[in-house]
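In the two complexes below, subunit A is the common chain; its partner is subunit B in one and subunit C in the other.
Our next item is the complex of A and B:
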């Protein structure tokens, strides 16, 4: 069973300009008449806009209402296809549709419906507000889902932790010709390296020191290269290992342009060993080494922006990602994988920690999304050729208080501390945007 | 017990789900069952020795618009994929609920876990003196359609008995193939039950102008006989009508002749509840054969239209398979779409206005445009349109959801299509 691409409508970004309808009419009818478009944007009488359009239903009602077998759901593409040669123009399909997705075009004299323009919808291309979006998430299910899971079953993460998802999906995509480095942290802690002489992966895996991950991996990759074998050198590291004691070897490998994919799972601390602070722990956060009491109110320094530091190394590829935006993550993983064939690729994934950040396990993805929507973290990608580009710009961020209030590690924050964090977010976004505006 | 009886019981075929019928209700039920139960054995028994097709497509086979080889709704590969045994060319003749046995016209007996009766309807032949001796056509099966199609080139004067959808479609086809056509209708207008008299007059006008069709409404046939020029119908209070082809489109009646002795309650059709269950456990009914509650007053009604068959079939299938997402039948709403001579007509809901209802009519007989909206306490009761595009599915939803139109009343009355779309796009969010 395949998954399908879809056209999503974000009502909150629609201003009703109607350009999408004109574009559709041009693409489909060689006219400019919005009335003839396959999608209809409508003022809904409640101050915003609605969309009438074929939703390419999984279990469509129009198809069984056709007496002439002129409609069918294409199980390859997901599109509900209309066959003009078979259509008898009875309009019974329109009775089945509750969305006005298949309608009579009076000029054409028959029913019409959206076919997503074969994968490049004219309406989406035209929408300048991002109100229409062509979601190709289906690719993840169809392509990546078919790839082999290269970790053993039964990894033991904390309840609600999304790192297992991240590890398994990453290694699936990177593939079997991989040598994996898993330095101390949650990744080997879950059993990725293995137990009792058995590995936890179906690819060669090793467990370097916190300090020498990038150096060891660089050496391994060079040996394979000398032997003429094409392998991907992959590191799945934590933020502590990468930003603190591991930073020297990371910086060195990046500077030398060693060909590897270095993926950092940033849970803002040494969560595996008892939730100590790292240089990626944000200001104000409670950890066991930045306690909350009479003398201390959580961490008193701001987090180091490790991915921006990597941009400073002019790596072949640097990007930030979030587990709440998996399509964005997959696109970046593909880009990083390609870049790792020619140089150092660095991918920094923000990964909320249910145990160390003190929030209910079921809220992991919600917390990750709130971090992005409040600009607490910023999603972008960088190459030396194209410079830095925001991949999910948030121009109207949600109040960061909503994000902070979701997490137990910020429960103690004073209003001064919250003001500090708000200020830091503005400064951080400004720093990223300054980098984005710089010439590559 | 005789040895032969024992053998018969031992070899009796068993199926978890048995569906009698192979058109829209049956296929919708089969689909719904397979969404939930991939493994239960499923048998579909169709009367016609053909792949499933829709009676609604037949007028287009007659006209030649549809290729009779391309109207089939499913193919063998579909049944194979759904692991369903499709037995065509067999009719159900008897049901024994106590033993859960269904008997087919070839004498074979099937034991079922659950049975859906989706046997549809067949044409009603009016009881007119002499009718049994005259040749006539009906239009319910693909063979009927092919027979009628073969007659078109040599038909010079056709008589169509009944101005329902089948009669009107056939009259249009016959007229387009060059025949002179006379329609005889017992009631006072064409398409009774779908459109009011004013709309019906606009439709009849198009037939008379574009098709040169003669329409006699309020007309009873008192006798039929075969004459040298063909069939002669004697009319009450008028000269007789002679034609070389007679088509009977005087309505249909549920196929229920297999019910006797089954104990399944039947009025004009098989009585069902909101889950399409009949009065007998383990047996469901759906589509043209079923008589379910009306949306408007909960009285059991026949509602022999395609979308209704699809909905009832789906509900029956879901209930048979134990689909927990099932929402019961919300009641029969009469509705239809009708295209004729290049015009489009849509009717959704009841044309009978309740007391105190607000009725808005916009009519332009010259432009053949018509729009009638019936609002009952601010909610859509029915809407009827000619050459005024409407999204029938959206209107159906507004009726059955009893959506309060008061906040958008003026906009809805001015532009029902646009206002309906706007309303529904919000109701879905």
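Our next item is the complex of A and C:
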């Protein structure tokens, strides 16, 4: 079954201005009367707004209600299409719909409904608050849903862990002609490489040392290239191994332009070994080696910006991503995969750790999203040809306090420490933007 | 750097070039390199051979020895015949992947151009580097001459890749004395080497290959279940591989002798031992001077012999015991130190090999040639004289040659 793109409504961002209705009316009729729009923003009487619009239901009421077969679900696009030539104006369709998604346009003299403007909805384009969003994540499902999940079921990640999500999505997309390096950390810790003769992965997989992932993969890849075989060399590494003890081999392989896709899952520390500090651990964070006590309050240094360091290597591709922005991640995964066929591709994915960061498992995506929305994490991509570009610029960031308060590892922060983090965020965004403004 | 060597025939070269020539003749698929004294010219030769198309191998200029060996591990798991070389601190830095290579049963060949270890700071020869890694499960052979370096690097692949061995091999040649010492060597024909080695067959047992997907080195062990027995199986398998290596080394030397006419002693060499009443035991390039000293003593009527150990790992205990048994006192000359026992490491190995043989022979440990010091014929003459006068089998202090006493 295909998945479809949808228009999402974020009620918390809607101020009821009605611009979306005007835009719809203009796009679909000769008038700009909101009354003729195919979506209606309605006050709920309690200060917020609701949306009346066709949801393009999977199991629609309107379609079977129609006695004239004028409505049909297009299984390609997911749009419920209305055929004027068949319509008998009985309005039975409007009776079935729970969303007031198909209504009588009195001026036109027949029912009307949303058709998503062929993939570029006028309402979404107009909304200045981001209350309407055209979600195209269905592309991911349609493109990779049929591909085989190359990890076995039952990997033993912590509850709510996004790393497993990331691993499965990545390997499914990268495919079976892959050699996977899983250095010590959460990825093999949850059983990806396996135990006592059994494995959790359906492609060739190995434990490199924590220190030599990029070097071992380089050796593998060079041999297949020499043999004329198309094999993707993929690393799923943690931030500690990449930024600390494995940094030399990472830097060496990047400098030599070894052809591989090196994906770092950044959970800001050595989470698999019990939540110790890495150089990617942010300032102020509690870890088991930056504990909170009378003499110290978490980590006293800022995190190393590893992806920017990789830009300094002029890798074929460098990008940051977040598990809360999977469309963005997928686009970057595709780009990184392509780049890995001509050089060193580096993808740095922020992946909150429910266990080590002290927050409820159900909040993982929310935490990841808050990190981006507060500019704690900046999403960008880089190639030597095009330079660095922000892929999800956040010009009006949410207060980082909201992000920090969601995480137990920052529970002890003083106002001075929070001020330090706020200052660091500004400096970090400036550093990324400075790189973005540099000539490629 | 000399001009490109001829494809066959004779030439004069040093041990580093001889090793590089052997690598080219072995048609290695990948060499990973990083410079360190006294090995540097060896990898420079390799890089030049690749640049000239004489060696059609992938050349990885890695950013350090740790990655050098790691790259080769990946390459071997993808099916490549591989080579590198290192010395002293480079070997120390390489230790993490080095320690892991035998357990993965990867038939990587690596020259150790031996160098004394820090500290005191030293860039000169000595066996301390190779001796420091003697318990890691690599095969180690020590060469006496430049020709033996060339021949042994080639033979190392035959040993390493034999299916009942599948272990990495160190070919050790002495820093300074063999690395830079030149001699006339004979180059084997390429087709002889091709016949001798055959095609690389290095990852039939463990591969990183999408056509044969498997997990390489998942976690093994734990407190219960199948783990402990599986772990023991792997460890015992390594020991079996080492035992088989003794036979593989003998077989390789014999076949190589048949093909080239050059028969090197595979495990140990017995020199003038038949009627020897006492003997000295040597390792590596010092053996030349030691043999001269033995010859001189023989001319003076002394019944002295020499046993050269070539294969140090696995230790040819039976051969050593048979060679020394019934020949009276012996002295062992080491170019490195066993700190635990204040003697030479080879001395301790020989004592262990002779354990249980009665009557116990008088013996003494001699340590010399550290940090580039020469081991001269005169020094060996004094060693021979000391051994000649040994009477009781009891413990004795180590004699430190080159010491101002």
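Just so we're on the same page, the second predicted complex is superposed on the first by the 323 of 440 C-alpha atoms of A that agree within 3 Å, B and C clash if a C-alpha of one lies under 4 Å from a C-alpha of the other, contacts with A are read in each partner's own complex, and residues count from 1 in each chain.
We adopt the following convention: contacts are C-beta pairs under 8 Å (C-beta built on N, C-alpha and C of every residue); 3 or more make two chains touch, one makes a residue touch a chain.
The model shown is predicted, which means the values in this text are computed figures rather than measured ones.
Contacts of A:109 after superposition on the shared chain: subunit B is touched, whereas subunit C is not. By the document's definition of touching, of the two partners only subunit C reaches A:222; subunit B does not. Judged by the touch definition given at the top, the superposed model places A:208 against subunit C, while subunit B stays out of reach. Comparing subunit B with subunit C, the partner in contact with more residues of subunit A is C. In the superposed model, A:11 makes contact with subunit B only, not with subunit C. With both structures placed on the common chain, the touch criterion links A:57 to neither subunit B nor subunit C.
In the superposed model, A:140 lies in contact with neither subunit B nor subunit C.
Under the contact criterion defined above, no residue of subunit A touches both subunit B in one complex and subunit C in the other. The part of subunit A that touches subunit B in the complex is made up of residues 11, 40, 42-46, 50-52, 59, 61, 64-65, 67-69, 85-86, 88-92, 94-100, 103-104, 106, 109. The touching residues of subunit B, counted against subunit A in their complex, run 24, 27-28, 31, 35, 54-57, 60, 65-66, 70-73, 306-307, 310, 314, 335-337, 339, 342, 344, 346, 348, 389, 391-394, 396-397, 407-408, 411, 417-418, 420-426, 428-429. Those residues of subunit A that touch subunit C in the shared complex are 176-179, 188, 193-209, 211-212, 214-224, 226-227, 231, 248-249, 251-253, 255-256. Contact residues of subunit C toward subunit A in the complex are 29-30, 32, 58, 60-64, 66-67, 70-80, 96-97, 100, 207-210, 212-222, 225-227, 230.
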